[in-house]
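Below, chain A partners chain B and then partners chain C, in two separate complexes.
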Partner chain A sequence: MKQKLKDLNKAFENKLRLGIMSALMVNDHLDFNSLKDLLGATDGNLASHLKTLEKEAYVSYSKEFLERKPNTKYSVTPAGRQAFLKHLKAIENLLK
Partner chain B sequence: MNKEKYLSDIHDIKEIMDRSSRFISLSGLSGVSAGIIALFGAYFAYLFIYQESEYFDYKMVGIDETSMFNLFILAGVVLLLSLGSGIFFTSLKAGKNKQKIWDRNSKRLLSNLMIPLATGGVLCLIFLSRGYVGILAPLTLIFYGLALVNASKYTLNEIRSLGILEIVLGLMAMYFIGYGLLFWAIGFGVLHIIYGIIMHMRYGS
Partner chain C sequence: MKQKLKDLNKAFENKLRLGIMSALMVNDHLDFNSLKDLLGATDGNLASHLKTLEKEAYVSYSKEFLERKPNTKYSVTPAGRQAFLKHLKAIENLLK
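And now, the complex of A and B:
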């Protein structure tokens, strides 16, 4: 049991962070507003959880300008993908 | 151990993955309405095409310029009505799903649908201009099927098998070339109604 729990990732325990990762896993990239609409989060809340995931190096972003407005695109890093899959596997094992 | 939390996590993950990458608001009712409209369309087309040849023992496909004009108008009306009802029912459902009807997912769905569909449409017009009327019904079925298979990655899974069935019907119609309208009515009418009902029962509308 302990072994099983060890594989669970604290970074994904939060609902919003779990949501961000789920969405980014199946999309090459998503911008801030699409994520906001999708997850029904507030600006501040979403930004702070994105920051947490960036710190873990699970999520990366690139800034570009769309019609002179800054547009931030988020995507999942290879490390993030691996960590998320490991987390899913751990949940699966727990539920067995 | 709170299994329930993880079960709900798994549920959320799946739901967000679907909602962020697929257009899931496709309404079953729009399939049913498109099917009914197509059946009416096929019936009127039957009247237009076969009306002047009733004197013969067998039914001859006779398309002169008037009935060609009528068929064009009919095709336009059928297309507009089915698109209109499709958009209507789908936007109702999108509202319930809290999904916008015109977002990244629906754009991606539509562009992947339109590439084979527009190719088939142009090809049909070329054949029509050369006078090959008989292969229009099979060709529209085949290209519509290919378009559905192509677009199915971006919407509900059932669309894929619907597309494959349309392709099979199209190929059969190509072989039994005189029965184009019948196959067309099955493909665009009956199949849409059946799939519409299935999807309505599975996902609600």
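And now, the complex of A and C:
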């Protein structure tokens, strides 16, 4: 049981971060506003949790210009995908 | 997606609380020290998270005397069982 708890990833405890990861697992990339709408989050809250996931290198972003306006696209990194699947598996294992 | 996030239960975000609930789902009841050993938690941390779950009426306890020493047994309540299963289901649904 101790080991199973250790397999849970603190980066994904937070509800919104679970949501961001899930959204990026099933979409190649999403821009800030799409993520915001999808998750029903505020700007500040979303930005702060994206930053946490970037620091862990679980999420990366690229900037491009769309009709002269900057547009930031977020994606999950391979490390993020692996870590997130491990976390979900750990939750599933808790009851076993 | 917003609805799916709403189905996640804040009471179970914390890792140790996930562990307490899981342990009590698969054991009829556990006393404080068994929970502590099982989860590798400190006294203070375990007591504080048990209290949070008691306030939500997800965990209940009964005191008895064992060789003249007080012994507190914790169990999951029917409401706790239902709420926890709903939370796990919500996590599972996030990726769908």
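Assume the second predicted complex is superposed on the first by the 96 of 96 C-alpha atoms of A that agree within 3 Å, B and C clash if a C-alpha of one lies under 4 Å from a C-alpha of the other, contacts with A are read in each partner's own complex, and residues count from 1 in each chain.
FYI, a contact is a pair of C-beta atoms (placed from the backbone, for glycine too) under 8 Å apart; a residue touches a chain by one contact, two chains touch by 3 or more.
Small disclaimer: the values here were computed from a predicted structure and weren't measured.
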Which of chain B and chain C A:75 touches, first, second, both or neither: neither
First (chain B), second (chain C), both or neither touched by A:27: first
Which superposed partner A:60 touches (first chain B, second chain C, both, neither): neither
Which superposed partner A:14 touches (first chain B, second chain C, both, neither): second
Per-residue touch tally on chain A - higher for chain B or for chain C: C
First, second, both or neither for A:91, with chain B first and chain C second: both
Doubly contacted residues of chain A, that is, touched by chain B and again by chain C: 1, 15, 18-19, 22-23, 25-26, 38-40, 88, 91, 94-95
Interface residues, chain A side, partner chain B - complex: 1, 15, 18-19, 22-23, 25-27, 30, 34, 37-40, 88, 91, 94-95
Residues of chain B touching chain A in the complex: 1, 3, 6-7, 9-10, 12-14, 16-17, 19-21, 98, 100, 104
Chain C residues touching chain A - in the complex, by the definition given at the top: 1-2, 4-5, 8, 10, 13-16, 18-19, 22-23, 25-26, 38-40, 88, 91-92, 94-95
